[in-house]
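Chain lettering (A, B and C) follows the sequence in which the chains are written, and residue indices restart at 1 in each chain.
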């Protein structure tokens, strides 16, 4: 399907600031199942475009003139297709082994290991096993905004039993790391259809070994289903911190008020 | 040089100067307290001193009454006073430590030794027994600091920023001392007529506190009058601690470190300098010394902020 | 146990020590003591504290300096130098290969897992071109002499090796205290190290930069090696900066100066990869520069040492280094590794478990001499406790036979006595591989102790390489 996407982020500050740097992942990835028809990124200051370690199309925004607000708008039209059986045929820049390494957010601990053991047979897991894990997490962790923060670890979110898509994804990744299955974080957009679901979303890719296939399968843990053409992929990484749409630092400015608006509709 | 390095040097100098001037102020009060006066007048004098540094509230939070001993303690070593002499000398030393690599051994050792000796002296109770001697020691250490800086450091940007810090602080502190002392004059007048003898000791104490007594005699060869004291301490550039002398240094050092963005700051400093250089004391007195000094303090404060912004580490928003 | 003594053997004083030994015999204990105090005073006065800069009491800790030098004859040094050049060249080629074609993995020499699951492997470096293909611009290779006098490489330090400032200050102190020794011996000079280092750093500036701006980046004055950072910056005549002095703008790195922002081309960084950039690595690091990695990957700033060199100096890679030399250079290693058992391999694990009282067992991801078992020096309780840890995570350990490290006469309470030493030469790589003769000799001051780390009570000696 064709998705029309607009992602606007606004920062307002109570005092003038002299310097802002923001790392942006706001451009859809070049992948076989999605085709960018038009895309435009609008932001003040200097934008340095590059491809990061994970193959994501990134921008480093720097602004070192005095300013009191910052508006970043990414918008365009993307043509998406449903990957068959959730299989993503991405040409990887890195070995899948890179995605077996846990980060602070996806470190396996007691509760994670127990969950992994109950769903995953070991290092060789098929799509069905991985979906089983997703369903378990879907059941064990209620979707609830405000219960966790961007810095919440997988083990804490699982213990709490509530979180958002980022937490679902981290828990899934931690379980895979516990048994040595390559798995990575995916950030992007989802067409919410008739629901109230946010258009910004996070899910996972996991390495599946099925009959005659070994490769990445893309799974939306929050909805316990394989990825469809309602999704647009922006960035992959080992966790939220690597794939977040916007991450930055500033110097000065007093307090910050951030508002985000993401609109995604079928074109 | 790195902005952060210059920032440490600037603040090392400012804190050292602030400690010295606090000691001078306290010493004036200690000397004038020896004059015959009512307990009320004495208390008022001490209270006025707290006012100079805008510390009345902090003091009142801890003390019910104003006594010499309490005020001295508060201004010298109370942990809740961020401008106490102890706090200033500690900050000066911390700033020096951060840039020890850019200082000569002598400059560092003087800062470090001042800090170590301070603790020894306070523990030894010198403050109670002979406060004037303590204040003399603080002044002396500050002189020493300036002396080794000029005597041993390479005369480059390092020295420029140290001197900017010293003279911005001195200008600010001197204006405050003047303001309080001239306010004190108004109070005294209300008590019923000038008292020649008392006036003499009062102004003599002020002049001594800025090392200006002998200079006054040399320059004016006449009795001490408030007008001439004001003129000497504000407008005469040959008097090292006058406001004009401080601005001479500020302007000269700003010129030496001029960069792409400091043009406006230089202009404002030049203007303030010119206002002092071409002022007539009669005009200032007619306008009211308090108003003049208040405006001066605002402009010096602005200059300090601008220097931080143009060259150093901008002060937090 | 018999230890190789650097100064003498059964037949008497070794030839290269004879001149010094004769001199030592003529010194009175008083004269020696006076010189020791002079050294102490000078170190303190000039601020060479080798440790954390002062506390509130205003006192600072010195690292002990011993006045008896470690002397190396020319022929021995020639061998060491050849071996060091070979080893560092091969290690740089290895790192380059890991981050590009990975031939060594394809050839089956090192399992892919060993590389990828190493926390020091940085995906951010995969496919990136670095200036002159050099990653470890400064390498500190720890060498010991054992048994009958053979040299072994104990450890490679390719991330942020430190100690060269002690080497330089020790030499300066020896020349000041005992100038007569420098007249009676032909000692190869080392003072030109900072010049060599600066030259190297300038030579790896980004392409097209005519007069590169080099800086030394430090975590700050609370870091235990801060003196060295400040020392090297001062000796090279470059700025010493912290993360907060730098910022990224228009995909370049600038430092904040009183004359406005100044572009930085080469950063000799003395902090770990993890702390370099809060947007790329540890988000909580206040020591780094946000956005630095993006400028680095774009080739618009050079970092020395490069990001990701830790993939080659981990204890888990150490056993492969002889094969690495053979693979990239088709040569036999000149310097040998200490025989090492990888506990991740079942038969080597069995051997280790069966011989714990005789072995030194080290954690694969560790540094500074902690987290290890020194079999011969441990009680049976300690050994059993360690056995349990080993069985729980065998892949986390390697084992080595206890080395009978050579010792060197050292001034102690009761006079002169032998103490164990090691050697850390500093190898510089840029357009060529070079080094100053010798390096830092560290000495374990406690009798019988084999631990030379300064953080655990070690001291240093001046190292003399004799010119023929």
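In this section, a residue touches a chain if its C-beta (ideal position, glycine included) is under 8 Å from a C-beta of that chain, and two chains touch if they have at least 3 such contacts.
Everything numeric here is computed off the predicted structure, so don't read it as measured data.
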If chain centres are mean C-alpha positions, then the most distant from chain C is chain B
Larger contact count among B-C and A-C belongs to A-C
Expressed in whole Å, how far the mean CA point of chain A lies from that of chain B is 58
Taking each chain's centre as the mean of its CA atoms, chain B sits from chain C at a distance in Å of 51
Cα centroid separation, chain A vs chain C, in Å, comes to 40
Contacts with two or more other chains occur in chain C at residues none
Touching chain C in the complex, chain B uses residues 1-4, 6, 97-98, 100-101, 105, 108, 112, 115-116, 157, 161, 257, 259-261, 311-312
Note: in the complex, chain A contacts chain C through residues 19, 21, 23, 46, 48, 50, 52-54, 58, 60, 62, 64, 93-95, 97-98, 100-101, 241, 247-249, 251
In the complex, chain C touches chain A at residues 112-113, 116-117, 119, 121-127, 247-251, 278-279, 283, 290-291, 294, 297-298
Chain C contacts chain B in the complex at 45-47, 53-54, 58, 221, 230, 233-234, 239-242, 244-245, 255-260
